[in-house]
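First the structure, which I've put down as structure tokens, then a few questions once you've had a look.
Order as written gives the chain letters A, B, C, D, E and F; numbering starts at 1 within each chain.
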Amino acid sequence: MPFVDIRVIAGAFTPEEKRQLVEKVSEAVIAIEGEALRPSTHVLITETPSGAWAIGGKALTAEDVRVKRAGGAL
Amino acid sequence: MPFVDIRVIAGAFTPEEKRQLVEKVSEAVIAIEGEALRPSTHVLITETPSGAWAIGGKALTAEDVRVKRAGGAL
Amino acid sequence: MPFVDIRVIAGAFTPEEKRQLVEKVSEAVIAIEGEALRPSTHVLITETPSGAWAIGGKALTAEDVRVKRAGGAL
Amino acid sequence: MPFVDIRVIAGAFTPEEKRQLVEKVSEAVIAIEGEALRPSTHVLITETPSGAWAIGGKALTAEDVRVKRAGGAL
Amino acid sequence: MPFVDIRVIAGAFTPEEKRQLVEKVSEAVIAIEGEALRPSTHVLITETPSGAWAIGGKALTAEDVRVKRAGGAL
Amino acid sequence: MPFVDIRVIAGAFTPEEKRQLVEKVSEAVIAIEGEALRPSTHVLITETPSGAWAIGGKALTAEDVRVKRAGGAL
């Protein structure tokens, strides 16, 4: 405790970005809760396959997200 | 996307700390994914009642966590 | 199976709308999977307190959502 | 918001059925909440490997579910 | 790790039964994984309000579950 | 109902241990709730890829967990 689940579309982030997400979110939480809770602070990434996550009824692919991140539209 | 669920014991954090958890985790994620995904980045807190979350079989109260945060033992 | 969790901000929907969400989502799933799975199809609503769910770093209240639903901005 | 997680056993549904689950559940939710929330309505499918989901202590395979859907017993 | 979330309808179980659910599930998991993981084994109960959880499209109340547990029908 | 989600790191447990986790947790829950709820008691395992689950900011691999289970340190 705390337990933080970061849900993303598989392929939308590189392995290094996922490593950073886990690390930076862990440190952001620990900076607020204090070092005493570090040993019980769990942060993980849960990936949903490309095409299995819809926003507004439109199923998104990892490619859609990459285009969006590069400035395109979802 | 992403969707980040921060699970904590109710009462273990003040309202201001919970506000900071949501803000700082949001900004940590957006700093990595980029501003383009800000509008679809969801971060929320889910609270479990005091006494309903056990670590190693020992049910924790909000008071247990506050004592731990202040330097005591869980 | 299936198990469907509908996560919403508490106060953003009326009791009747929540009842409909559970019923209509149940029927939408059963219409695709077939009546044989009706007895094992679980659909539930999980509410997050107003102010504990942020989009893009901005914490939303139930009132924010009601304004948005009525045509205002988030 | 809303965020809807549809949990199923992997292999129990065809790719087309999964596409329909996401679309029909999205439209069922949007029909109740209103078009204004379409852009923030997330619906996704989370698959559990065949054999890793038990009902009543009996682990189910995708084949068990297909037999059940075709009129057999679980 | 492991993290075990026990989802139930609020009011379907007494406080003592909920305490036992957390304890017995914790001990069942630790008996398999071994004592070394006890300090990182999290088990919690998440309650869904009575009437917000449907099976087969029928919303269940805590009373429905109590009747069923006593030998009645759901 | 109940619905029990057992979240573990992929590779930290053998297939037989995972089968036992689902069975023993199911029986532990049913022993408390009673046989009447057996048909609606769902227990499943959700696996997080090795390296995608951090405790205290340190990402864990399946190997880390196996070493810990054998008496080493996390």
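Annotations
Convention: contacts are C-beta pairs under 8 Å (C-beta built on N, C-alpha and C of every residue); 3 or more make two chains touch, one makes a residue touch a chain.
In this text, all values refer to a predicted model and were calculated from it rather than measured experimentally.
Steps from chain A to chain C, taking the shortest chain of touch contacts, total 2.
Identification of common neighbours of chain D and chain F yields A, C.
The interface of D-F is repeated, with over half of its contact pairs matching by residue number, by B-E among B-E, A-E or A-B. At the far end from chain F, in terms of centres built from Cα atoms, lies C. The centroid of the Cα atoms in chain C and the matching centroid in chain D are 15 Å apart. Separating the centre of chain B from that of chain D, both taken as means of CA atoms, is a distance of 28 Å.
Averaged C-alpha coordinates give centres for chain C and chain E that are 22 Å from one another.
Separation between the centroids of chain B and chain F, computed from CA atoms only, is 22 Å. Among the residues of chain C, those in touch with two or more other chains are 1, 3, 7, 27, 39-40, 42, 46, 53, 55. Taken as a contact graph, the chains fit none of the simple arrangements: neither line, ring, star nor complete graph. If you check each pair of chains against the touch rule, the ones that pass are A-B, A-D, A-E, A-F, B-C, B-D, B-E, C-D, C-E, C-F, D-F, E-F. Looking at the complex, you find that chain C touches chain F at residues 1, 3, 39-40, 42. Residue ranges on chain A touching chain B, taken from their complex, read 1-9, 12-13, 17, 20-21, 24-25, 27-29, 31-34, 36-37, 40, 53, 55, 60, 65, 68-71, 74.
Chain contact summary for the complex, chain E toward chain B: residues 18-19, 22-23, 26-27, 30, 38-47. Contacts from chain B toward chain E in the complex involve residues 7, 46, 48-49, 51-57, 59.
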